[in-house]
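Notes follow the structure.
In order of appearance the chains are A, B, C and D, and numbering begins at 1 in each one.
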């Protein structure tokens, strides 16, 4: 059986696991107040070029999203996402459970556009204020749910619009390493602090046992964040586990190398699929590939490969999602290409 | 430096770590839908004698508490705890953040009594219904914040009162292994399902990297719990990490052996303290010891040992908290006894 | 100046005001526990043919909606509305502020269709349960935001679908009197209890100073509702004010006569508009009329009439909203028709 | 039957009712955006000497409290009240339902003291920040639940402590008119803006059909409050009803005259009770009197008078609550004194 189900099916990259094993019996203060977290935070600030940023480590992505968003917003303020956005669809209303509406607007290849954001804003700014929620935080993810990425120009245009509307820009980087190493990407890590009020750097999908790193660059959003972290269940008792792991992947840019590996395997898949004439449901340069496959073929593939269905296409075809990761071996891709 | 700061300062017990290392590169479905979680759940049901129970694994204790409590209660229903209760004091209002008041009543040696619960209930049942919250869930912990434990008779009396008041009984077992192996304990794991509507079995403080196991025995509280788990950020992507770890400590009752070890080290401390004439702030048969120590002595001890302050006693004395764990070596206790 | 701004611009119908004045100095128990509320509840149960229903009186519509919806749902359950639905757009995220997502689907003339509901349900029922909210309550309004009404067949089809999906059906009747007396309506008050789990009967827009009546017919949704009412700020101290007013409009079906008056004035407007060749933005048989008018004409009308803009149509035309009410005099309609 | 049940048993003072009747058929914009609300707000600013204050009108007291408190606080911040505080006991967890813990401390004659506040603060400021909620808003009421009042010196001391702790001071003035006209009061309306960040002026218990006026004097707490008002169900459609009523009682200080009347009747009761040798449960100079009465006498009184029980005293005595209001006639007091 070969696995293309997702990028969190395996445990940790060997270097991450080694770091955990080596530090296992040390005794440190809890809740992220240890030297490992301090060092990892320092490495993050250096790598992203934001020496003043507040850096927090959380266990998971849903947790990072709702904790940050609810820490940043007042009760009547809303997040804005594309209709495929993770917070809008696949987090069981976690943002709403903290009291905030998630407004959505149709996506373009999984991405938000300035035009869509402006239209949504205009609809909410009309009339006597107070009867509609106030759009206040733009939620993006890079790469997106459809594997697409933002160019520097696109992100800059959204940033400028957010500035003019008084909105925060929050970027969910659960798959940031894959996005930043994808063909066509022109964003560097150092660009993000200037373009975002806060962003996450994903670990769970990029070689850690678990872990998301939240980087807050807007000083107004920093005070007392640890209170919100604890209240939302995001303060890990043995917090150093997060620091140890993140430090391990930040050393020598291992995190980017892992993203690059996932992209390479995905690119091999994409090339093979196109050669064999499979249409793609969405054009993705990152580690998620969405071919349209006949139902008969899907049933055949399911005997040897794991993957998820993304969308029904017609009576006899579905779009499937093939995900590669730091752990995807060459032979898995070769076997899948052969079977297709 | 020897550490008595808490019972989550180190990583995982070697057997737990080995299990993680061995399974590291396997590929499994995410979110706890894997065979390791299934097996661990089966082991839990067997060990506690509750074949029909719903078993869920979560990362941390605060998360387990607020997820469970908010899944069980309707908006106007409240949890009841002693005034030292963890949910009442040390979880940054996480239960309130999910909308529920935590009513408190004075503790007796860290414990709830039927009399205190009845008094609180009576105060809330007086008058026209609807103007005060409805007490609906009794929150206990075993061992308590002061290291004390419930006897079977005490827990049974609270259960009966809950039944007569239509209340749920939820037991926070973050330190359950220590409680169940303490001198004076007459509760067995098999007693809990009949006495509680739900309870947790702590892993974080008992040899796991992280992990709490929530056991729901009241069928009315089971449906759709996974939705709440996800919404509260408690659904770990690589959920199997929890199953692997819990299975490792459930085998051959390692979890109880770890609790017993912590208790033995605490008992050595207690005996030594009493022999040296230190008064105890609270009488604890478990892994937390609370001696009253002069401030001068505290400053001296802090050079070689880590621990926390619990309460000021008088101008020249404080109560300190010494916590032992599965990882506390004999020589740490010996060194501390010598220094006292 | 003549007013077509909305149906809550004036105070109370003279009979309602008289009832308030007559009872002004009587002393009664507070919070709706008085004989006037008891009598009004009895009249509601009789009029709608639901002798077992729970009847509650609240001050306003937003309050009634979020109080009821949050009393009925568990944290992970969502309300479903059309994208023009009042709870989805114009209540400042009040339902989300109580923790629940409002899922939306495109409207058809302001109405929900079984097809749209089924599609939304299917999207949420796919895959591993727990990652998306659970659609649990269908929110409808009759009349709708576009003035349209549900036929008995349409409402019955939605009821059946709700039954098959395990969903509640909640009907917002802020403008129910207008809907039930509109040309083309074939629903009677007595039909509602069998088709809805709960519904409201609007007073604010139909001759009361303020007041919405919530009728709960599903016994599972009744217990402890008063707790939620109080918690949500909906328990009026001098609750009898609501009972007195509702009793006044229920006598001799004054509420329906007021709705009929509003509809008649709207029908005069509609007929005149069509005769003059104005297109209608939405076809409404009730007390809201939506003509498309040139911007120049709008500016002219604004000198003598009050009304709101609904939507831009093209560079030179907007759709405006003309609302009639129980208080709209003949001469206002005549003057407007003359000016158009 | 004579009524001492509460101060919201009757309708409106005749001047208030007249104002409503006179303006009944006028057509105004909704939601408090009308000239009557504008005028009432101006009168409030003048009367309290706070020309820059933001003034909002709400229907009820619970609504005003939770709307204001949740608008002012961030998720992890808590309100602090005495253990008899209305928000702590009698609002069905409305503040918690908006996500905020209400911390309590024992009262002294119904009042908060700087010592109690400092002690609570110190307990929450100890240790690693983030594990306990952050006390941020002091909730007081004047008069208190026990009818007592704050002197200017007492309120000033609490204000200074709040300043030093970075806390807001919010004063619930549901019975403010009675407090400000009580024997022993040395606070004037003009003192409140300088001592409070926000306060309410009660109407429901002082001659209005309903209505509380929220005055926000801290500019940081003003922006976007109307969004919160709407979200919390507090934006009355026919908002002018509130403006009309408040303007009526502000003219010629009718509001204070009504409070004075209630106090005078209460003082007659108190004097008579003391002369007859009844002990008082709490010393109140305002419109709530709390005599300790034998159960036999209570049963006798209940045949002719309405009132509430406050607390059991011993096997044969209870404390009862006798409330006077603007509407209490002389003969009611005389009859009660005779019957005692």
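To be clear about the criterion, a residue touches a chain if its C-beta (ideal position, glycine included) is under 8 Å from a C-beta of that chain, and two chains touch if they have at least 3 such contacts.
This structure is a prediction, so every number in the text was calculated from the model and none was measured.
Colleague: If we look at chain A and chain D, which chains touch each of them?
Modeller: B, C
Colleague: On a CA-centroid basis, which chain has its centre farthest from chain C's?
Modeller: B
Colleague: With chain centres taken as the means of their Cα atoms, state the distance from chain C to chain D in Å.
Modeller: Chain centres of chain C and chain D, defined by C-alpha means, are spaced 33 Å apart.
Colleague: Round to the nearest whole Å and give the separation of the Cα centres of chain B and chain C.
Modeller: 49
Colleague: Distance from the CA centroid of chain B to that of chain D, rounded to the nearest Å?
Modeller: Result: the chain centres lie 41 Å from each other.
Colleague: Residues of chain C that contact two or more other chains, please.
Modeller: Within chain C, the residues that touch at least two other chains are 75-76, 91-93, 97-99, 130-131, 133, 227, 230-231, 235.
Colleague: Mind listing the chain C positions that touch chain D in their complex?
Modeller: Touch residues, chain C against chain D: 1, 3, 5-6, 8-12, 17, 20-21, 23-30, 59-63, 66-67, 91-94, 97-98, 204-205, 209-210, 227, 230-238, 241, 306, 327.
Colleague: What residues of chain D sit close enough to touch chain B in their complex?
Modeller: Touch list, chain D to chain B: 75-76, 78, 89-93, 96-102, 127, 130-133, 308.
Colleague: Any idea which chain D residues touch chain A in the complex?
Modeller: Going through chain D, the ones touching chain A are 31, 33, 70-71, 74-76, 98-99, 128-131, 133-134, 224, 226-231, 235.
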